[in-house]
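Below, chain A partners chain B and then partners chain C, in two separate complexes.
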Partner chain A sequence: MRAFGWRAVVVFALLAALPLVPGVSRYYLLLAFDALLFGAIAMSLDLLMGYTGLVSFGHAAFYGLGAYATAILMERGVQSVWACVGFALLVVGLYALVVSYFATARRGIYFALLTLIFAEVVYTFFRYTQTFGGSDGIQGLPDATLFPGLVIDTPTRKYYLVLAYLAVAYAICRVLVASHFGRVLVAIRENEDRARFLGYNVQRYKMGACMISALLTGVAGAIYPMRSAFATPDLMLWTESGEFIISVMIGGLGTLVGPIIGGVFFTILRDKVSSIVDWYFIVIGVVLIVIVLFMPRGLLGLRRIFSRERATA
Partner chain B sequence: MRRMTWLVVLVTLAVAGTWMAAPALSQSKVVKIGDLGSKVGVFEGYGKYQTMGMQLAVDELNARGGVLGHKVEIVSEDDETKPAPAVRKAEKLILQDDVKLLVGAVSSGATMAVMDVTKKHKTIHWNSVSCAEFMRTTKFHKYYFSNQPDSRMQANGLARYIVDRMGKKVYIFYTDYAMGQSDGRQFKTALEKLGGEVVGVAGAPLDTKDFSPWFGAINQSNPDVLFVAFAGTDSLRLMTQLHSFGMTKKYKLAGIDCFLLQQDLPAIAEPMEGFVQLNHFSPHNPDKNMQAYNERFKKKFGTDANIAAGSYDAVLFWAAAVEKAKSFDPDKVADAHEGMCRDNTHIGRQCIRKEDHQVVMDMHLYQVKGGKNLPIARIAGNDSIGEAMVGKDPVEGFTWEIKKKN
Partner chain C sequence: MDYVLTILLPQLLHGLVFGAALGLLALGLTVIFGLLGVMNFAHGELYMLGAYAGIAVIGVTHSFWVALIAAPILVGVVGAVTEMTTLRPLYNREPLYGLILTFGLALVFREGARQIWGGDMRRILPPFTGSTPLLGMTYPNYRLFLLAASSAILLALWLFFTRTRAGIVVRAAVQDAEMLDGLGVDVRRVFTLTFAASGGLAALAGLLLAPVFTVYPQMGVEMILLAFIVVILGGMGSLGGSVVAAFVIGITQSLFSLWMNPQRVAIAIFGIMIVVLIVRPRGFAGREGVLE
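Presenting the complex of A and B:
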């Protein structure tokens, strides 16, 4: 509760009440699932981008690997949410260990490039490996089971699953950024050399942030097939990583809450605009340009504008 | 400051909630049908013509009073040629728009993913463009119907002509995703059964810009025929590049039905000269049914129709099944579809085979001459459809291995 704060509790309580709101159809619960999952991934990425100052272009690989971990187990008859999440943590953890070891040895653009290259290798592997369905991926998965007798088979149950995940992930991130570990990450972001001179093993801290971010994203990936019933290589495409970064930018770097808002905003905007016009990505691009130009601190940066106006008044 | 943060969160939630909870406008005596297809990208042309075919059918239905007294309305969505958006949009069409029929998607990978959605939510699903062999076999479900000749049908119809008239040594070049792999597999199987020899196979990723890296291997294997399983803008690029390398003159060329839309042919008439394919529609076919359909289409849209004519028939099949069932109930409508026939369609009589819900219809072999698809032979539907294989693996025992002949 302390990690959460009462305001977060109120927000999560409101979110929990969403299925009870009249007029919220099953489709909107699924859309809310996508929005919150996207928000959770953006929040995980914010640990790296916002707090550690590392831009990852490879988060789609963590997401996709988590999804494939679930799909592979489900295809073989294992439907337990816990088993799928556990397997995803193992697979994504091993991959993230390798990626973070090599990528964190480099700074700036080299870190970004290395994460991108690793992700493209993973994408290509799954894209061309027929054992995992090749370009079609693994489709037609059954519903997951939380406990014996409790099948995640309705949009409402799926929504609560992702909401629970978001709550846990948010609590973890909140505790981390408030801890000594989190403060060292910020120190590395501000001045990596100074942090090193102060005696911190910078690479180990960066690896830690990378691993935690990857694992949280991997769990999000593990949950995705429980809603969509498939895992395809497209989930690992660099464009997916780009959308995660865009969500962080829209919401506001280094705020945790901002990227969640960014992810939700991006998902709903994409859904609504793409139903109206075919060239929706142009609209999204314009929105992004406006946000970057006029709200460099993202949607959450609006609070500063409001605060300033109130102070002036 | 922190209070402001949470204010932003709450406002965002309220806006998102209001937006999401806005009830869909519903009118009495209106039934909605869903059109899911590629509106941009490599398969854009097929998606747009699918919509046009559906629109023509809906206009005709509404002009004679709709379906069961309901005016029919189309809700169109873009599948982005990928499974994830296709599933999202299919769910939107079914759960939010409450469509009673879903036509789509365009890419086989997306269609197969959408099949899980239509199965789960018991929605009548017509496919009129995708052709992977799994859709009427391992992925088949009660609510799924198709009037697109799948890979097996196309291979059965085309392989005989190639072996008899074009040459026995064939190189198979395919787009490396569901549709192309399926076409390549089924064509190889059919060709080898008929005594043909596959001298090489290769797959190029969807949306490949430069095909020249594969040309060396094709030339080295020296085939009589180059069989190409591509579609959309991939086909345009491939043919242009093959022509610039002199390979359209060197080899006889054959391909799948959706290789290029008729509308694209005049632009690359020279590279396509002599190209052979099996197809169920051409505006240049003198058949009176085909001409009658093309006239209606052209009158409405000012352009010739193409193979997306299937979407027109799909809507009319569904409407007839609803009238027969006297209900929109998906189980009753699905049952009413089975065994149903329609006469005087663009390809004559079409019947839905009860076992796998595949439409049995005649097709023509076409050859491109002067930028036009001209018919050279008619293939009876029963000769190409093959046995029903619901639940069976259509690629069991298949291998891409090249069997060398002495």
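Presenting the complex of A and C:
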């Protein structure tokens, strides 16, 4: 609870009260599901981008693999949330072990491109393997069951599922960031060579960060088909990874809370703008450009300006 | 022998043709990488814009040849304006921001093209048809022209980079822009012009390949990954390495597709790439410690 902080508890309590608000329709609950899920993924990515200084362009593969893990089990009659999440952890964990081993051996742009290319291999494999439905993916999945007798069927239950996941993931990230491990990650971001000279096994730390980030993203992926009832290869497309990065940037690097806000903002923006115009990618692109150019600290960076503790750095 | 003449040889030529065009695309990408330290995600979109600009110019002038001159210039102007308004303020910041910015630019360009020209597939007719007997087989004239034109441009670029003062200045900027600035060269102008030229090259590749492939807003997304692979294989920031890698990838791709279906080819190429990065992380010609 200490790592969680009272403000987080208040926010989660308010979020938990959302389905009780009169007038919140099915549609808005499912939008809230997407928004919080996206926020959770962006937060996981922030462990890598914001704290360790590694940009992954392959997170969509962790996400998509998690989704396929659930879909494959459900197609075979397994509906338990725990089984699906467990299977996703296994599959994503094995894949992430390979990716992070090779990718963390390289810095900067090489890391970004290696994660991107590994993800493209996974995407191409699922896109063209008919066993897994090819480009249509796996569709028409049943509802998941949390415990015998408790089916996650209504939008409200789905919403609580993702909210519970977000709370757990947030607690994990908070504890990690505050720990010795988290501080070594920041040291690596600031000066990798110095961290190495201090005697830290830099690659092992980077691999650890990469694995945790991947596993959290994989679980988010495992939850997604429980709302959408499908898993498609498009979830693994590298432009999807780009959208995760956009969310982190919108919210503010290295803040955990920022990327959650960024993911929520991005999802709602995409939903609202796309219902008005069909060129929402232009809007999203322009938002991204404006943020990079004028507010590199993201939405959360605005807080500093308003509270007059404007950092000169 | 029949197999060699009717199947292997044409496929090898296809690979050469594709490799030469890929070289044009990758060369611009690698120079920009050297200058900015980031992969330009919008490069594939400049390639796509080249094809669409070609369609627009052909619509007005009814001439492929005019388009071949005008489209790269138009896209080059787009590149120059983009560089001056969005990338220039980022030169003193971490490369991460440049990477993400170009991703945003790519979204805008791609969707912009879809809004202007629609999402469906288009074709550009080759300016001439027919085929030539060659080594016991017949080969389409346009592809031969494509190979000749791309190779000529690559040769011209090689002469530019090695024999002219301007080319040497660009290479110096790729290696150490700060030092070049200290030597009294207007680095900002070098950056803008280089960005414009790299956009123009991408556009040229897009238009040259358009009669062979199809034109659609997503065409850049598919090409850019291949171009990334070429740039990494060649050793980031190495000009000669990129051209060699482009031919290697072009030929590998077309030979492999004789024996596997196209999807497996994609996976095979990604696989080669991963192995190269692990065994020889700096590619064919990259040097230790550059640009990391």
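We adopt the following convention: the second predicted complex is superposed on the first by the 308 of 313 C-alpha atoms of A that agree within 3 Å, B and C clash if a C-alpha of one lies under 4 Å from a C-alpha of the other, contacts with A are read in each partner's own complex, and residues count from 1 in each chain.
Just so we're on the same page, contacts are C-beta pairs under 8 Å (C-beta built on N, C-alpha and C of every residue); 3 or more make two chains touch, one makes a residue touch a chain.
Nothing here was measured: the structure is a model prediction, and the numbers come from that model.
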- Message: Just checking: does A:288 make contact with chain B only, chain C only, both, or neither of them? Give me first, second, both or neither.
- Response: second
- Query: If you stack the two complexes on chain A, which partner ends up touching A:102: first (chain B), second (chain C), both, or neither?
  - Reply: second
- Task: Give one of first, second, both or neither to describe whether A:279 is in contact with chain B, with chain C, with both, or with none.
- Result: both
- Item | Larger contact residue set on chain A - chain B or chain C | B
- Message: On the A-aligned overlay, A:15 touches which partner chain: chain B = first, chain C = second, or both, or neither?
- Response: first
- Message: Quick check for you: in the superposed arrangement, does A:265 touch first (chain B), second (chain C), both or neither?
- Response: first
- Message: For A:249 in the superposed arrangement: first (chain B), second (chain C), both or neither?
- Response: second
- Item | Partner chain in contact with A:114 - chain B first, chain C second, else both or neither | second
- Kindly classify A:136 by the partners it touches after superposition: chain B alone (first), chain C alone (second), both, or neither? first
- Touching chain B and also chain C: which chain A residues? 127-128, 279-280
- Item | Touching residues on chain B, where the partner in the complex is chain A | 1-2, 4-10, 12-13, 16-17, 19-24, 39-40, 77-78, 82-85, 87-89, 91-92, 94-96, 108-109, 112-113, 116, 120, 139, 176-178, 181, 205-206
- Show which residues of chain A lie in contact with chain C when the two form their complex. 49, 55, 102, 105-110, 112-114, 116-118, 120-121, 124-125, 127-128, 238-239, 242, 245-246, 249, 279-282, 284-289, 292-293, 296
- chain A contact footprint on chain C (complex, rising order): 33, 37-39, 41, 86, 89-90, 93, 95-97, 99-101, 103-108, 110-112, 114-115, 221, 225, 228-229, 232, 236, 261, 263, 266-267, 270-271, 273-274, 277-278, 281, 291-292
- Query: Which bits of chain A are touching chain B when the two form their complex?
  - Reply: 7, 10-11, 14-15, 18, 21-28, 30-32, 34-35, 127-128, 134-137, 139-140, 155, 228-230, 232, 234-235, 255, 257, 261, 264-265, 268, 271-272, 274-275, 278-280, 299-300, 302-304, 306-307
